[in-house]
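In the two complexes below, chain A is the common chain; its partner is chain B in one and chain C in the other.
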Partner chain A sequence: MSFQTLGILIILVLGATWIFAGLKVSKKVKNADDYLVGGRNVGVALGSATILATWVTGNTILAAPESGYTYGVLGVLGYAVGGGIAVIAFAPLAARLKEILPAGRTVGDFFRLRFDMKNYWLFLVMLLIWDLGWLLTQGMAAGILLESIFGIPFQVGVIATVVIVLAYVTIGGMISVLSTDFMQTLLIMILVFVFPALIYWMAGPREVYDGMLARMPETLRLDNPAGLLFLCVIPLVYIGEVFMDNTFWQRAFALRKSVMKKTFTYAGVGWIFVPIATGTLAFVAVGTGLDLPGGPSSVAPEVVARYAGTLGSVLFLALLWAALASTMAALLNGVAGIFMNDIYNNLINKRATDKQVLRSGRAATVVLAAITIVTALARPTTLLSLLIWLGIINAAYIIPIVSGAFFKRTNPTGVFISVITGVLVGLTFYGGGALDLLFFQIPLFDFPDWASGDLQGAVVSFTISAVGTLVSTKLFPRPYDFRRMRNWKPSSVTQAGV
Partner chain B sequence: MTVPYAVWLALIGVGVIGSLSTFAGILIAFFKERKSEELW
Partner chain C sequence: MIPEYFWALAGVVCIVGMLVTIRVGTRNAEDLSEPGDAAEPGGEL
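Up next is the complex of A and B:
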């Protein structure tokens, strides 16, 4: 059997399994709440698995080794600790959300009820750009992966992946995602254990370490300034992503109250091991002087191919594809949730019945999948830049979200102005003194190199929005009654009750 | 400052053992919660 046939076969087998599992549990979906937040009674096992499956993306498998190859030990630590801390930091916020907004379905519900309409719409626009951008990167990554490893045409790879995910997400929503995420997480964790264990067994850890010391000693150093900056700032970027991303909010609303903190903490700690395990594969390439014709981004597949052969490469594809598909499924459901809950139910049809809301969610999922395919097929090159650019916006929302959830005097206008100011100044630092609006730049200043870049932009954006939110709240407090959120019910549920 | 061999090896060990422990932890939680009908 050829390598390509084996690859297609494994994609078909995995895809059929996930569709079967997703559709089997989809009968449990009785209303919009089931579709969006899985019935609100999810336990530790399915909860931690779905958080892990969502947060372990194709990037975690491929970019962590690249980071390890480029920055060495500091790169692996930065990647792992940053992403893990973000999930762990979300645990107290998730517990608080369950308490103050027990009937919430999306992050949009929080912004609409806690702040005001100007904050709500500003946030929704930012969120949709962010989540759609993520969705597209997963679609593109699936196409590129299948093309580069198995020679499957890019278009076929994109369409096959999106259609398989769509097949189980459309009908079952979060209920199906919980079921498939559980299987995908188990597959990911076992393969992530097997590869480094096997490869270090074969390559010999002492030989790898000595090779690193001889060939690229800087990868073993802990005082590399670029690596240290990465280690210190990257948690901020990841925390911003997690706190803003609707997929995490949906999981907070989906979990049982008694297991909330435990589940997010467990998933955060579990996540740390994934980039450590995959990232340390890069050390084998450094230590043995492995040739990387595809550049540092191909370091993990190259190491696997060298030591684990054809079977290893096929299993590595399964690992990557599971990571991509699970993230795509969560995003499809998360973005569809914004459309069905925030745009359809809160804007277009405020008196919609639960059935109508559920139907709009399924329709939105199909439309989003079509948008993902069409846009991914165009291979937009600015997509990665867009996500880095949006990291500056993510950072600006951390303190407003925390302050709004925990303090009753947070000033909504102060939040609005602080976020906009933080983002604009952050983008100016990102552009080295020129306000970077992605498609064009407005030159304003000339900053030195050390003050320019995405990490610097995120720090500035976070600081300004944090100081602005806290100072405006201190000077002009706006009391808020949290009972408004506690007593709130989605209008479709109220309609159904009538 | 260069990472000593023992620390470097421990990092690899943490990744490998941690992944396996997470896998086992999720499975154990699954069977426990299924038994007590608390999966979802």
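Up next is the complex of A and C:
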């Protein structure tokens, strides 16, 4: 059997297992609530598993080692602690959301009910940009992975992955995602700890350490300026991602209230070990002077291919593909949720029945999958540059969301102006004085080197939106009655008389 | 001061500020729970 055939076989076996699992549980989907928030009765084990599976993405397996290769020990620590803190910090917010918005389905529900329509539309636009960017990167990563390890054509890899994920997400929605997440998390957790041990055993830990000391001693230093900057700022990007990401909000609404804090805390702490395990693979490359023809982002597959042999590469593929598929599934379901709940049910057809809303969600999932395939095949940008650019948007929403959830006097206009200003100024710092809109730049100022940079953009964006939100709330308070949110029911549920 | 250290310090201040805001929020938030809330049915794993 050729190496390529083996790769295709693995994808087919894993894909068939997940589709079968999705089909088995799909009978439980009776209404839009089941499709979007899994019946609102999820416990600690399943909840932690689904959060872990969603948050362990292709980036955790590929970009964590890249951070280790670029920033050394501090890079791995920053990646791991930043992502873990983000999930743990979401725990009190999730508990509060369950209390103030018990019938909520998406993050859009919160913005529409808590603030006003201008904030709602601004947030939906920002969220869709972010979600589509993430879907695109996961599709691209799947294609690159299958191409680099097994020589499967990029297009075939992208299409096969998206179609398999689409099959089980469309059938069972969130319930399918939950059931497959559990299996995927088990697979990820087993493999992620087997790999570093195997690789270090093959390469020799002493040789790796001595090699790092001789070749790139700065990777071991804890006062490395670039590494410290990454360690201290990247949590802001991750916290913003989690707070904005509809997949996390859906899980908050899906969990039982009594297990909320425990579930997010367990998932956050458990997650920290995954990038630490994968990130240390980079040190083997540094210590042994491994050649990286594909650049730093290919460090993990290169190390695995060099030290783990055929069986290792096959297992690594299974690990990465499980991570990619689970994230893509959650994202497809999350973005479809925004469409069916916030656009279809609240804008296009306010009197829609539950069945109509459910049908629109399934149609949206198929359309989104098609968009993912088309954009991923074009390979428009790199994963990391897109993520950091999007991080500026994410950072601007942290304090507005916290303030809106906990404080009853938050000023909606203050939030709106602060977010827009924060994002625009942050993107200008990102572009070194030019407003960076990803596809083009608008030159405005000429910032000195010390005042510009990608991570600096996130700090500026967060600071402006936080200060603007809190100061406007203090000076011009706008009282809000949280019972309005608490007593709210989705219109499709009201129609069905539930 | 090395610029990276300045921005790193700014990042730490932002994160601490956010955690303090959440802490103040959880302590002072209006309690909306009702008597029926406590009786939550057991459910999935």
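Criterion: the second predicted complex is superposed on the first by the 491 of 498 C-alpha atoms of A that agree within 3 Å, B and C clash if a C-alpha of one lies under 4 Å from a C-alpha of the other, contacts with A are read in each partner's own complex, and residues count from 1 in each chain.
To be clear about the criterion, contacts are C-beta pairs under 8 Å (C-beta built on N, C-alpha and C of every residue); 3 or more make two chains touch, one makes a residue touch a chain.
None of these values were measured; they are calculated from a predicted model.
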First, second, both or neither for A:45, with chain B first and chain C second: both
Which of chain B and chain C A:89 touches, first, second, both or neither: second
First, second, both or neither for A:185, with chain B first and chain C second: first
First, second, both or neither for A:276, with chain B first and chain C second: first
Touching partner for A:406 - first (chain B), second (chain C), both, neither: second
Which of chain B and chain C A:466 touches, first, second, both or neither: second
Partner chain(s) touched by A:229 [first = chain B, second = chain C, both, neither]: second
Shared contact residues on chain A - chain B and chain C: 39, 41-46, 256
Interface residues, chain A side, partner chain B - complex: 38-39, 41-46, 48-49, 52, 73, 76-77, 175, 178, 182, 185-186, 189-190, 192-193, 196-197, 200, 205-206, 209, 213, 217, 220-223, 256, 266, 269-270, 272-274, 276-280, 283
Chain A-facing residues of chain B, complex: 1-3, 5, 8-9, 11-12, 14-16, 18-23, 25-27, 29-30, 32-34, 38-40
List of chain C residues in touch with chain A within their complex: 2-12, 14-15, 17-19, 21-22, 24-26, 28-30, 32-33, 37, 40-41, 43-45
Of all residues in chain A, those that touch chain C in their complex: 39, 41-46, 85, 89, 92-93, 96, 99-100, 225-226, 228-229, 231-233, 235-236, 239, 256-258, 398-399, 402-403, 405-408, 449-451, 453, 455-456, 459, 462-463, 466, 470, 482-483, 486
